[in-house]
Structure formats: structure tokens, C-alpha cells
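Naming follows writing order (A, B and C), and every chain is counted from residue 1.
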């Protein structure tokens, strides 16, 4: 799990960069944008932990998460024009973060004896509610409620996770396959500009 | 309490229908509207449980709540024009939900040794904060802060509950009388279009 | 700590007055404005307690907090024109509240074995997230994200607290000095109209 820990820290770092850029675009000052960076990076995991009753919540017990966010914030502020040119790189890591948070959320929910359906929901909450919090705090209707098929990928990947565990009984294999599935599917979805219908 | 369990599930189902209709009206996609349905249905009880420290929160431990919401969402999507014609029926169940959630919230708070004042507040939180969450997530000032006398009924009904328990010492009787009181009073209030003053 | 308890109650009272005035300015009815008063007064401490897992959260276990809020609400409603003339007095107590909540938040976080960095963050959350919640519930971008240097003072004061404890090893001394530091610095900041840069 050592590898996952580092990817997880990297996910927090990337979500913080994404958050501070949104904050600055929306005319917040440096402090406000930094709060948005924090909320984007740890919001999903925090809501998951609160719902499970896993407190103090995760990032409060391991300073590396805070350092990763601060690093993302500081780098974004100092190299702002360059960070914006890296949008492809950020998009890639954002996608990795989506996959990783979805599956880590499921694992954590299972540690608390949640059913598969609740576990998939909590995986999705972990992956997308940082962005929801970011949008609520900047007074916008959350992006994933309107345009992005983002959250559906998390749900499908979560379903695949349990399917593979059910068929092959191998949790580690299932974890990696469903993560790769989410990443590939997101790349396809964005390429093809698939959207959900509005009624 | 078997009857109350079924009414409770029905309340969740009705609140989900109310939530998805609001979500679709506000131009969300199907996923976004479904999240609003969930938030409306279980938001109030979730906030109550978090404040009390009753975690994992209620709906995560009983899949029937999730099924009730999914059923409400699916039926709304398939029979959308018909559901909208049922607005009187929905209004009635919404009113039953208000009464039920208020009193169930009080009961749960008392299990955690809260004082009557805090219990009444938590009953009201259970009954109305699903709607508050719905409005915040769709970027509106919560309806109950502006127009609806909704929450006051929950508070009055909660006060009546403790009054009857104090006088007659009968919790079951008190529960039913205060629920009927909330339902009847809401029908009168909506009929008469009573509002709270703005200063 | 008896003195701090009374100042704390006074802080809740003052934040409730500030909250109800904002609510009424934003065209809410009396109930809505009262909810905003509650959210402003106890929001920050509630989020701190939830993150720490200190539940039922503080104000639910001591009715005096609720009485202090209700008193603030009732006085504001009855003496509204006069309360608005007291804006200098309210500003002063709001500043005292900022200082007090920051340091009380740190103390509480340390009781839960949080690191100094997390403790400073939770002190700031205690001091400013009541206002954030007030602004989110009234559908505005939180004031402290845009204009007010408010939160930075809480962070600086928290840093000073740990610096003095580190050098002199005296927690009580440190507590009072860092509170006075926050109060004086805020008066200077508002006088000089210092703001954070937007990038």
C-alpha cells in the first residue's frame, strides 16, 4: 500500500492546484483561494469520514496531507502562468485522483462494514464532493450536477470493483482493474464529449 | 413502531420525488437531480445524526432507505408528467413527512440525553434541513428562510409533544397528537397563506 | 477559566446579533434570520467539534449557549434601530470573539492530540466558519474569502500562541498575549484598510 499512499498524497496535491486556480478565477483573495484549495483537496474524504464516524478525520492525523496542499498552493501562486499551461498534466492527475479516491473510499467504507451499495456511494462522495464543496463555497451550482459525467464513472468503477471481487475473489486485482477502467473511461468520455441528458 | 418505520420509508420516498423535481426544474442533469433527491430525502436526518455523534448515520445501516430513494427517483423519471399532476398527493405526504421527521428527531435526541429545547431543535433540523441542503446545492437562498412557515410548525409541534408528556406522562399519546397537530396546522397555514413578517 | 466561559457566552451572543442583522438585510423572514443567527454563532465551533469527533457538539450540552443566542435574537428584533447604532460596540465584541474563538479552538484541538498546525487551522475554523456558513446559507461568496483579512489574524495569533509556549513554556500567559495580539492587530488592520492581494 506504500505506492497508494504516495499516489494519494499526489492526488491531494493536484486537487489543491485545481482548487486554487478556480478560487483565483472567481476573484477571491489569496486566503480565500487557499481555503478553496483545501476544501477541494480534502472535502470529499472529510465528508466520507464524518458520515462513517471516522474522527478525527484522516488528514488531521497525518501532516503530510497538509504539506501536500500547502505545496500545491505555493507552487500555484509562484508559477501561476506555467501551472495554467500544464492543464493537460493536471487533467491527467485529476483523472488519476478520481479513480484513486473512488476505490480508496470503497475500501474505507468496507472497513466500517458498509454494504457494497453504500460503499460505492461513499467512494463517489470521496471522489467528487471536494469539487461540490468548492463550487458551493464559490456560490455556483456544482459542475458535476450540470455537465460532467465525472461522478458516473466513479459509480461504474465501484460497481466493477465488486463484480470482479465477486467473480475472482481477488481484491487487489479488482482494485487495480477498476482504477484503470475509470481512468480510461474518463479519457474516452472527455474525448467524445459525452454528457448526461437533461429532462 | 413497525407502522412508523413504514411511514418513515414513505417520507424518504416522497422527499426524494420532491427533490428530483426541484433538481430537474433547475436544469441539472439526471445525475445532479438524483443527488438533490438524496440530499433532500436524507439531509435532515444526516445532519441530526452527525451533531449527535450517531455514526455511521442511519440510512447507511439500512439499505431500505436507499431503495426508497432510488424508487422515488426512477418513478419520477419514468412518469414525469404524471408525477407533476400528483402535486396535491405529494403535498400531503410532504406534510406527513414534516410531522413524522419532527417527532422522530425529538425521540432520537432524547435517546442521546438531550434537553427538550435541543431535542425540539433537532426535530426541526431533521424535518427541514434536507430542503435547506437542496436549496444550497442548487444555489438558492433556502425557501424556508424566506416564505414558508414550515419550520415554525415543527417547533410548535415539538413544544406540544413535551407539554403533553409533562401533563399526561404518556409518550405514545403525545407523539400521535403532536403529529396530527403539525399536519392539521400546516393544511390551515397553506390554505390561509400565513407568512412570517419581514422586518 | 470561569472568565473565559462568560466571554465565550458573550461572543456567542454578539455573533448572534451580527447574524440576525445580516439575515434581515438579506430579506429573510424572522425565522430565517434566526437560523442565520444560530449558524453564525455556533457554526465554527460545530464544524470544529465534528472534525474532531467531539459529539454531541458543545452547544448541545449546555443550554446557556442557546439562551445567549435567543437573547441576542430577541434583543435585536425589539431594539433593531438601536442595535444598528451600536455598530462600533458590536465590532469590538466581534473582534474579541475572533480572538477568543481562535485560542479556544486551539486548546480544544490540543485536548484531542492534534499537531500545532492542525490546531491553528481548527482555531481559525472555530473563529471564521460561522461567518462562512452564514454567507453560504444566504447565497453569497463568503466575505472572508474576498475582502476581510480576518482569518489571517486568527492564523497569526495561533502561531504566536505556540511560539510563546515554545519559548516560555507558559500556556496561560501565551493564551492572553496571543488574544491581545489578535485584537490589537485587527483594530490596526481595519483602521489602515489592509487587504490581501488578488492575483
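Operating definition for what follows: a residue touches a chain if its C-beta (ideal position, glycine included) is under 8 Å from a C-beta of that chain, and two chains touch if they have at least 3 such contacts.
It should be emphasised that the depicted structure is a prediction, and the values quoted were computed from it without experimental measurement.
S.K.: Tell me the angle, as a multiple of 5 degrees, of the rotation that maps chain A onto chain B over the C-alpha atoms.
M.R.: 120
S.K.: Do chain A and chain C, two copies of one chain sequence, contact each other through the same residue numbers, with over half in common, or through different ones?
M.R.: different
S.K.: Centroid from C-alpha atoms only, then distance chain A to chain C, rounded to Å. What do you get?
M.R.: That pair's centroid distance is 30 Å.
S.K.: Would you pick out the residues of chain A that each touch at least 2 other chains?
M.R.: 50, 53, 136, 139
S.K.: Can you tell me which positions in chain C touch chain A when the two form their complex?
M.R.: It is residues 50-53, 112, 114-115, 117-118, 121, 132, 136, 139-142, 144-147, 149, 151-152, 195-199 of chain C that touch chain A.
S.K.: Can you list the chain A residues touching chain C in their complex?
M.R.: Contacts found on chain A: 23-24, 26-33, 35-36, 46, 50, 53, 55-57, 60, 63, 66, 77, 80, 136-139.
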